[in-house]
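What follows is a pair of complexes built around chain A, which joins chain B in one and chain C in the other.
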Partner chain A sequence: MQVAWAIYKKELKVYFVSPLAYVFLGVFLLLAGAFFYLGVTMTGEASLRVMLGNLAIALLFLLPLLTMRHFAEERRAGTFELMMTAPVPLWAMLLGKWGATWTLCVALLAGTALFPAILAYYGEPDWGVIATSYLGLLLVCGAFVSAGMFSSSLTDEPVAAGMVGVVLLLPFWIAGTLAELVDAAWLRATLRHASFLTHIEPFSRGVVDTAALAWFGLFTFAFLFLTWRSIESRRWR
Partner chain B sequence: MNQQLRRRLAYGSNATLVTAMVLGVLVLLYVLADGSRARWDLSADAANTLQADTEAKLTLLDADGLPVEITAFSHQRGKEDSALRDRAVRDLLVELDTRSTSLSWRIVDFDKERLTAERLGVNDYGRIVVQRGQDRVDIKDRDLFRRVGKGDDRGLEFLGEAALSRAFAQLLAPTRRVVYVLQGHGEPSPTERGPGGLSDLVAALDIERYDVEPLDLLRTDREGNAPVVPEDAAVVVVAGLRGPLTAQEEDVLLEYLGRGGPLLLALDAGQPLPVFLPRLGVRIPDGLAMDTVLVFPYKDRPVPVYKSHPITETLREGKVVTMLGAPAPLRLVEPAPAGLRVDPILVGGRESWIERGGESVGGSAVFQAGVDGEGPTVLATAVQLLPGGGVVRPTKPAARVLVLGDSEALTNGLLAEGPGNKDLALNAVHWLAGDDQRLGATKGRRTAERRLALTLEETDRLRWISLLLLPGLVSILGLATWNSRRGR
Partner chain C sequence: MISARQLTKRFGPLTAVDRVTFEVEKGEILGFIGPNGAGKTTTMRMLTGFIPATEGSAVVAGHDVFEAPMEVRRRVGYLPETPPLYRELTIGDYLRFVAEIRGISHGDRLRRVGQVMEQVGLSGWEGRILGSLSKGYRQRVGLAQAIIHDPPVLILDEPTSGLDPGQVAGMRDFVQHLAQDRTVILSTHILPEVELICRRAVIIAGGKVVADDSIDGLRRHAGGGLRYRVELKDADLDAIPSLVGALPEVEQVTPRGVDDGFTLLDVRAPADPRTAIARLATTRGWTLRAMERHVPSLEEAFLAIVGAER
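Right after this comes the complex of A and B.
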């Protein structure tokens, strides 16, 4: 665990001493501000539902850009072999990298804390709904980061890794929309179960659902597991 | 095959198998988690929590196993609150879906999916179609939302859960049942459309899947058989007698009660009464039920107070007034005959009394000791006749009877005028017919709209704070970091 902690700290330091995190944070907060302003002025409601819903979509495109460098960059720089031969368990490396990127997501979302404060100043927001919405977004971030790490493990090109990450996540997003167009009830139910939208939705209404918690947890674990298999396969390929 | 390829194949197939197995286990874990989910509603007023009555109906639907398909059509885009309405409907359907294994739903864009609308014969926005097997219930938008409040408190009340709950109840009782209305004594007619007729009650019962048929106990059928209450009678209504029942009619009705048949007796002051009424634990003394609190501007319409009973539950919760026109006071026989359970459901206020003439002030009756009867009055009472209690045969189920001290309350005139009259009548029929699960206590609720009233100046300020303040601060922080790194 100490190894994972060391990797976590190292990755986090890399984020915050380079301008990358700040550029990312700036773009993210600009988008969040735009979504917040549009949501409030268009609906006239003291709610973050529009902002948080759109931020989840934005994260689908942004987070693979953040995770693309995890393994692809290491391979391109030639440090991957060094990493693989070091006495570091693979799980510790995965956990450290995933944890650091997820912590950056926490920082991103913490940056939007001003918006609920604005709502509280002008109106009476539903704090239960706001709390669960943020919880939902944190779970989404965890899932996106793990899928992004998997895409990064597949290729040597960081940009390609980023694009693969988006392509990997997109079906899980549009499955919910596709479900509305399907007549067969079993297919509609399957698509809904596969969709991020279905599982974020309870959180956006103030509901904490154990099935949704399980879905995000298992999704995150599944892609971390696939990343592990993908990296390990380099040993015998 | 060289050794390297063999090695790759062995490792590769092993890795693929293990990966597939792990992913299979994860899917299985999700299925298990989905099947035994727990939910905590942290929203204000627990806005996402279904009411117990709705959950009970979902359980009944699931027990039957027949799939229920809900198709909800979108609201007209651009119209006030259309997004809010669509969202409220979607949220409810999602919530219902999580609580039911037999329910499936979809939202249909009315403008884009005209074929679906045509297939279902829908030509209006916001309609919900609930289908189960061959049965179908439509819910119109006007039954889903209601404007409430004024000024700053103006809002939208979402009645979707109540409407869907009623639809489920209708689907749970797919066979139409028959309500017989006694005729031949000058009673209001089920086909009469005027203020004194029962046509509106018949129409309301039709929606609730009850057919209404006239019942004539005075004449034989064409084969000369003595009149009886048909076996398919869900409820018999005796409302507004203007002439006495014959002894034979009383016997037929008692025989019907004896086999557990439900009876609605709506009797009026100063009119003939069934002789068997005291056997039901009720008497109607002379006079009118009167109260100091009256329905404005009438002088003879006391405002009834609801007592706790399944028939009155929704009316009590909704604080809906039922209007009775010059009702007869009921007196409960004391001690109550054996084998009876008598529960008053409508009573007069603490200062109510039985008006028998005497003084009046400004045209309104006042209580005059020695002339008028003491209150408080009973205006309607539910009676359960237990098997073996003297009326109902021991082998038959308990008979339910409702005695209402006014027949006008069921007529078109008061059904339209009295806010609670229709619900009282329908609830009474449901209770009498034993359809207790249709006596929903499901209420409407305000949609989760929390308005922000911003001035133009505040909106402008909000724009700059949202778009510039935070990204600006982060940019400064980023530049400072970059500058300090460059200096090293």
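Right after this comes the complex of A and C.
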């Protein structure tokens, strides 16, 4: 556990000494501001529904940028050899890296706290709904970080890893749109279930849905497991 | 301390390392030499547990590499060919991180980091960003990383590659100093280095061990025994080679020309023939100007051994 903690701290340090985290934070807040403005002016509601929904989609494209270096860069720089010849269990590496990127996501979302504050000044937002919406978004982040780590374990090229990450996540977005286009009920239900938008929807209504919690939990663990398998199998080749 | 038994690594159809077997005794510095692509790095990666072997086994510091990898990892310090550095971190942050994943307790960490930085000559460089360092300094940080947990076994993959001559000498002294109470495998293709600091070497070519002997043994082995250079002068120059060649101690004589009236001979002999030649010169009334034993360098031995394998 101490090792996972050491890796967690190191990963966060690497984020914050490079310009990446700051550029990322800037872009993210800019998008959040735009979505917030559009959401409030279009619906006239004192809610973050539009902003948070759109941010989830933006994260699909942005988060792989944060995870792409995790294993690809370690391999390229040879530091993977350092980790795998030091008494570092692979799970500690996965946990440390996942935790660090997820913590960065928490910081990004904390940066959007300004918007509910604005809502509170001008209107009467439903704090319960805002809290569950943020919870939903944090779950989305956890899931996407996990998938991004898997894509990073597949290649030595960080940029390729980033692109693979986006391609990997896209189906979980467009499945929801596809669902509206098909006739077969079973297929429609399946596609709907595959889409992460289906599962954050209850959170945006203020409902903490256990089925949705399970979906995000399963998604996150499944990709962490695949990452672990992918790294192990590459060692044997 | 280190024992490789029939280590084999196949990458698809390619056999990179083929039944490599050798032992390294406690306190020994073993030179691990071979041409590029011979399988040195792959062998070392198997010994450190970085990659699993296709066949065979290895015991390092009393633990089986494949059955108790974590025990081995704790006891081995490893400097890969390219120092494994996080470009964004400072030297201090990096070494503190390595100390932490190496399980050095919080209280000891700062002290250990300070110690190794001083040992490798990095004092005062704590705040430097790794990405901005020159090759020599990267190598030093790599070495600091490998010894931070004071491991009984050190595996160094070409620690002097890319260093300038002064740095090479410094690294050599340091490795020698480290080896006083450690077991070291030193992979390199700079052979004079091996001659200076190793007593034994394993030569690997095409994935196979082609020689495993003391440095002296390797030299003797190369080129079929020792050679002697003899310079003699007499009125009848032509008679000298055949008369020297007739001595029972001498195996073969090759004339190498004439210099200032002296005939130069290359004498090959299994045992030292110099007293016999001197006696012959006295009896015959020849002038003897020089007689010296030529010991083949490790480089000659290496080329002879590796060349014979090809």
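The definition used in the following text is that the second predicted complex is superposed on the first by the 237 of 237 C-alpha atoms of A that agree within 3 Å, B and C clash if a C-alpha of one lies under 4 Å from a C-alpha of the other, contacts with A are read in each partner's own complex, and residues count from 1 in each chain.
To be clear about the criterion, a contact is a pair of C-beta atoms (placed from the backbone, for glycine too) under 8 Å apart; a residue touches a chain by one contact, two chains touch by 3 or more.
This structure is a prediction, so every number in the text was calculated from the model and none was measured.
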State whether chain B and chain C clash or fit side by side on chain A once the two structures are superposed. fit
Counting only touches as set out at the top, which of chain B and chain C does A:Ser47 meet: first, second, both, neither? first
If you stack the two complexes on chain A, which partner ends up touching A:Leu224: first (chain B), second (chain C), both, or neither? neither
In the superposed arrangement, does A:Leu30 touch chain B (first), chain C (second), both or neither? first
Compare chain B and chain C by how many residues of chain A each one touches, and report the one with more. B
For apex chain A with the CA centres of chain B and chain C, the angle to the nearest 10 degrees sits at 160
Could you look at A:Val17 and tell me whether it touches chain B, chain C, both or neither (first, second, both, neither)? both
Just chain B (first), just chain C (second), both, or neither: which does A:Met84 touch? second
A:Gln2 in the overlay: touching chain B, chain C, both, or neither? Say first, second, both or neither. second
Least Cα-Cα separation in the three-chain superposition, chain B to chain C, whole Å, stands at 5
Starting from the residues of chain A touching chain B, keep only those that also touch chain C in the other complex, and list them. 17-18, 236-237
Touch list for chain B against partner chain A, complex: 7-8, 11-12, 15, 18-19, 22-23, 26, 29-30, 33-34, 37-44, 47-48, 67, 69, 83-84, 91, 94, 98, 104, 106-108, 448-454, 458-459, 462-463, 465-471, 474-475, 477-479, 481-482, 485
Show which residues of chain A lie in contact with chain C when the two form their complex. 2-3, 6-7, 9-10, 13-14, 17-18, 77-89, 235-237
Can you check the complex and tell me which residues of chain C touch chain A? 11, 45, 48-52, 70, 73-74, 76, 78, 80-89, 93, 97-98, 100-103, 145
Touch list for chain A against partner chain B, complex: 16-19, 21-23, 25-27, 29-30, 32-34, 36-37, 40-41, 43-47, 111-112, 114-115, 118-119, 122-129, 131-132, 179-180, 185, 188-189, 193, 201-202, 205-211, 214-215, 218, 221-222, 225-226, 229, 232-233, 236-237
